[in-house]
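Each in C-alpha cells, the structures are laid out below.
Below, chain A partners chain B and then partners chain C, in two separate complexes.
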Partner chain A sequence: MSTEKSVWRKAYEWHEARLPIVTWLDHSLGTKYPVPRNLNYWWNFGSLAMFMLAVMIFSGIVLAMHYTPHATMAFDSVERIMRDVNNGWMIRYMHMNGASFFFIVVYIHILRGMYYGSYKAPREVLWWIGLLIYLAMMATAFLGYVLPWGQMSFWGATVITNFFSAIPGVGDSIVTLLWGGFGVDNPTLNRFFSLHYLLPFVIIGLVFLHIWALHVPGANNPLGIDAAPSDKIPFFPYYVMKDVFGLAVFVVFYFVVVFWFPNSMGEAVNYVTANPLQTPEHIVPEWYYLPFYAILRSIPNKLLGIILMFGSILILFALPWLDTSRVRSGNFRPVFRVFFAIWIVDVLILGYVGMKPAEGIIPTIGMIGTFWYFLHFAVILPVLGWLETPKPLPASISQAVLKPAE
Partner chain B sequence: MKKIFLAAAAALALTTGANAAEEVHIPKETWTFNGVLGHFDKQQIQRGFQVYKDVCANCHSLKYVAFRHLGALGYSEAQIRSLAATYQVDDGPNDEGDMFKRPGRASDHIPKPYANDALARAGNGGALPPDLSLITKAREGGPDYIYHLLIGYEDAPAGVEMSPGLNYNKYFPGHQIAMTKQITDGVVTYADGAPNDAAHVAKDVTAFLHWAAEPNLEARHATGLRVVLYALIFAVLAFFAKRRLWKDIPH
Partner chain C sequence: MANTAHVHAADAVGETRRDFLQYTTIAMAGVGGVMMVWPLINSLNPAADTLALSTTDVNISGIGEGQRITVVWRGKPVFIAHRTAAEIDAANKVNVSELRDPQPDSARVKKGKEAFLIVEGSCTHFGCIPQGMKTTEPRGEFGGWFCPCHGSVYDTSGRIRKGPAPENLHIPPYAFTSDTTVRIG
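So, the complex of A and B:
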C-alpha cells in the first residue's frame, strides 16, 4: 500500500481545508446525503424543476443578448431572433415553452407534496420556501410574457397591473409606479425587462434555501413515516441515476412540444404587435394562471376578488396547520384521498372557467368552484383530520417494502 | 351614470360574446408542412409567392421577409438579386442630404405597398390591411383558417344586415370583412402550368404565408427528430443502468 499522496490529492486536500466545497456538494447531493429507499417517480419532479430553472436561465441569457426592450422595437427584435439569429428560433421556443413545462413540473411537485403530506412537521419551512419559489415563478412568468410586446402581452399587463388599483388609498399610486407613467408603455416594458432578469436569481437563492431546509429533516417518502437510517440509501449514485432516467423521459415530452407544437400553448393574438387602441376580443392569461384568474372573475367585487385570488395561494402557507391529521401519506387516508381528487377536479374546472368568456353559466360555476376551493382548505381538511380513521401505518419502511417478498 | 355605462358595456360584451359563441367550424386541410417531417413544397410556395406578389402585395406588406430569405423557396442568388432590383427602395440621406430611391438589393426587406398605416387606411375605406408576415400564426385556426377565409366569400344570408363597404365571409369572425374577394379562378397564371382555380391558388398562397411566418420550420422538424431520438435512446440506456444499479436495493 502506497502511503505517498499524489500532488493532485495534496492540492485537493489543501483546497478542501480552506473551502470544503467538494465535501459540501457530497453532503448536499452526493454520497453523504441519505435518502429513503422507497421514493417513487413522483419524487423526480424536484430535480426536473431545477433542470427547467437552468434551461430558462441559460436560454434567457442568450435571448437577452438579442432582445431590445423598447416599445417600438421589442416585437421586431423577437422576430429577428426567430428569423435571422442563428438557431434563435430554437432558443426562443425552448424559453417560451420552457415556462409552461417549468410550471407543469412544479405543479406536479406541489401536488406530490400535498398528497404525501410533505408539508407536515417537521417540513413546514421547506413548504413555505417552496411556495415562495412558486410565487416568484408566477411573477417572473408574467413579466416575461410582456416582453415580446404582442397584443396579449400588452393587454395582459394592463389587466394584471390594474389589480393593484383595487387596494384602498394607495392603489392608484402603486399602479402608476408599476407603469412608470399613466399607462402601460415603454417605461413599463423597461422595468419589466429588468425585473424579469432579476427574479430568476432570487429564485436560485430560494432554491438553495429550499434544499437546505430539505436536508435538515431529510426527504419525506411515499409511506410518510420517518425513515430509519437503515432504510436510507445515498443520493449518489442511486437517486442521481433515477433522476437522470426521469430527465431523459421528461425531455422527450418537452422537445416534442418545442420542435413540433411550439405555439400550441400560446395565444395566436400575441403574434400581433401591441396596439393600445385595440383591445383583443377576450383577454386570457397563460394556462398556468387560469384557476386563479377564474377565482378573481367569479367574485363581483373587485377588491374581494383580488383578496381571494391571492388568498387562494396564501392559504397554502397555513396548510401544515389546516390539515389536522398526524398521518402524512395520503396512501393511509382513504377519505382524504377522495377529497384530494375532488379538489384537483375543482382546480381543473376553475381552469376551464378561467379560459372561457364570463357569460351564461360560467360565472356561476366559477363561484361554486371558488367556494369549494376554500371549503376544502378551511373546513374539509381540518375536520377530516379529526373524523377520519387512517389505515394502520407500517412499523418501518423495510417492513413495508419487504412484505411482498415474504 | 357610471353604472349605466358599465351595464351597457356588459350588455355589449354579452351580445358580441354571443356572436363569438356561434363559432364557425374550420375544416382541417392537408398541408405538406404538417407531420413529423413536414416540409414546404418549394414549387407550391414559389407559386404562392407569385400570388402574394401579384395580388396580395397591392395592399398587404410582408415586412419581416427580406429578398435574401427567398432563397429558401429555391431561387438562386442571381434570381433574387434581379427580383429585388425590380423594386424601388427608399434610401438616404445622400451626401446632399436628400432621400432617394434606388433599385432593391437582396438584403432589403420587401417594400411595403403603403408608406404608413394612415395611407393604407385611406386607400382601403378605413380598414387597415394587416401585415402578412405572421398571419398564419396570428389567427386562431392558423393556415386552415387563412385558406378558408380566402375562399369563404358568399352572398350574405337573408336577414343579415351588412354594414356598407363590408363583405360577407363565412369564416371571418362576425362574418363582415372589409377585404373584397381577391382569390378567384384564374387570378394568376402559373408558369409551371399548375391548376389555378381559386381553391388551388388560395392553398398555394397560404402555404407561402406559412413559410413567411415560420421560415425555420424544416430545420425545426429535422433538429427535433434528432433531439428526440437521442433523448429516447438515452432514456432506454438510463433505464437499464438505473435498474442494474438498483438491483439489490429493495424499494
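So, the complex of A and C:
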C-alpha cells in the first residue's frame, strides 16, 4: 500500500474543505453525537416520527400528481386514484393510514417526554418546538382530510372553520375570509390544498430546529439525571442500529393496517360525496382529535368551549413551570406515576366521549373529564412537586447499572 | 486631546440621530410590509363573481299549513316554514327578556305574513343543518329545530332556546314579491 491518498479520499477532502456536509452530519447523527447509553425503546419514537414525515411527503407528492382540487372533481379524482391509477389504492392508503400512524408515534413520543420529564430545564425550548410541530401536524391533517371532499370532509371543514366565528367582533369576517365565499366551497378546497402542500415543509423546518435544540443539552434518559461523558456512546452505529430495528418492527404494524385494515380508522360516510344540503347523522372527527373535540362539546357555551379546547393544548407550553418537581424521571416519583396514569385514562375517556353522540350521561362524563384534565396540570402537578418525596437518585448512569438500588 | 473630545461629542450626537434613522427605517419597512401583505390576504376574501348577489324565487302557494320546505340560496339551505296557529302562539307566549338572543317573534317575520318563518338553515353554533324539516325528524322540546351536532334546540320562531349555539337562526334578506312568491336575497 502506498502512503498516497486515494483519488476518492482526495476528492472527498477537496469537497469537505468547501462544504463540510459530511462532518456536519457526523456531528448531528453520526459518530460525533454522544448519546446516553441507557436509552430504552421509548426513545425510538422520534426517529419513527421523522420516518412518517418522509412517508407522508413522498406519498403526498405522488397523490398530488393525480388529484384535482376542485369541488366538482376532487371526490371523483380520489376514486380514480383508488380504482384506475396504477398502485393508486396503495399510495392513498399509505397516506391516509400514514396520518394515523404519524399521530400514534407522536403521541407516544410526547407521553415519553411527559413521563421522563424531558420538558424540564434545560430542554424547555426543545419541548416548545415539539408542541409547535404537533400543532402544525394537526392543522396539516385537518386540511388534508378536507381534500377527498366526502361528507365528513365537508362537514368537518364547516364545523372547524366555524370555530373562528366565536371570536367576538371580527369572528364572522375571519370565517368568510377562510371560506372565500358564503360557506365551505370550491375556493375553500383550493386554498386548503395549497396549505396542505405547504405545511409539511414548515414541519421539516421545525424538525430541524427541534434537533438543533436537542443537540445543545443532549438527550434526556430514563433516569432523568445528567449523563457524564463516560456514560455516553456515539449515535452511530449504536442508536442508528437500534432505530433501524425499531423501524423494521414498526413498519410491519403499519403495513398490516395499510394492506388488511385500511379503513379501520376512517369514517365510512366520507365515501359519500360532499353535500352542502345534508349534515351527516353523526359528526365525528378523526380519532386523533377526539379528546379535544370532547372538551369542546362538554362546555355548553360556544366561546368558552373553544377557549378550553385550545387551552388544553396551550397549557402544555407551561408544563416546564407547572411541574415544580426538580426530579425529571417518573421512575423516581411514586405519586406522580399514579397521577400520570390517571391522566392518561382521563384522556382516553375523553376520547371515548368525543366519539359518542352527546346524549344521556356522556356530556356529564365529558365535563368531569375536562375538569380533571385541567386540574391535573393547574393544581396536581404544581402541588405534587412540593409534597412528594422522590426516591433517591443514582449518582450516575453506570452506578445505577452496577449497583442496583436496594 | 481636544480632537478626541470633539470626536466623542460628534459620536454622541451621531448615535441618537442614527437611532432615529434606524427606527424610522424599521417603521417604514414595517408599514411597507403590511401594505404588501394586505392584498395577498384580501385576495382570499370572496371574489367578485362569488359576491355577485344571487337571488332565489320561491312559490309558496304549495306549502300547506304545518309544512316546512328547504330551498337553496347561495349554495346553502334556507328553511321556509308555514306555521300553524299553535306554533305562532307558542312563539309569541315566550317571555322575550328570558331569551339568550332576545327577539320577539314579530321581529322575525314580515307583517301580514306572520305564518311564514324564513330562516337560514345553518346552526349558529358551528354551521350544521338543524333537523326538523320533516315531521319524522326530531324538532327538540320547543317544536322548532334540533341540531344533532352538539344539541342546540330552536323554537318555532327559530330562536335559540337550549344548547351551545349563541344566536337565533339568521334571517336572510327577503321580500314577498306577490301573494304567492317570495324572493330571497
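Brief remarks on what is shown
In this text, the second predicted complex is superposed on the first by the 401 of 406 C-alpha atoms of A that agree within 3 Å, B and C clash if a C-alpha of one lies under 4 Å from a C-alpha of the other, contacts with A are read in each partner's own complex, and residues count from 1 in each chain.
The definition used in the following text is that a residue touches a chain if its C-beta (ideal position, glycine included) is under 8 Å from a C-beta of that chain, and two chains touch if they have at least 3 such contacts.
Given the structure is predicted, the values throughout are model-derived calculations rather than measurements.
Look at A:M138: by the touch rule set out above, it reaches neither chain B nor chain C.
In the superposition on chain A, A:I299 contacts chain C only, with no contact to chain B. Of the two partner chains placed around the shared chain by superposition, chain C is the only one that A:F182 touches, whereas chain B remains out of contact.
Of the two partner chains placed around the shared chain by superposition, neither chain B nor chain C is touched by A:L375. In the superposition on chain A, A:V55 contacts neither chain B nor chain C.
With both structures placed on the common chain, the touch criterion links A:E281 to chain B and to chain C. 281-282, 357, 359 are the residues of chain A that lie in the contact sets of both chain B and chain C, per the superposition on chain A.
Interface residues of chain C facing chain A in the complex, by the touch rule stated above, are 41, 44-47, 50, 70, 72, 74-77, 122, 125-129, 148-151, 163-166.
Those residues of chain B that touch chain A in the complex are listed here as 13-14, 16-18, 20-21, 36, 64, 69, 130, 133-134, 137-140, 142, 173, 213, 215-216, 219-221, 223-225, 227-228, 231-232, 234-235, 238-239, 241-242, 245-246, 249-251. Across the complex, chain A meets chain B through its residues 37-39, 76, 79, 82-83, 89-90, 93, 233, 237-238, 241-242, 244-245, 248-249, 251-252, 255-256, 258-260, 262-263, 268-269, 271-272, 281-282, 357, 359, 398, 401-402, 405.
Considering their complex, residues 155, 158-163, 165-166, 176-183, 185, 187, 191, 276-279, 281-283, 297, 299-303, 305, 357-359 of chain A touch chain C.
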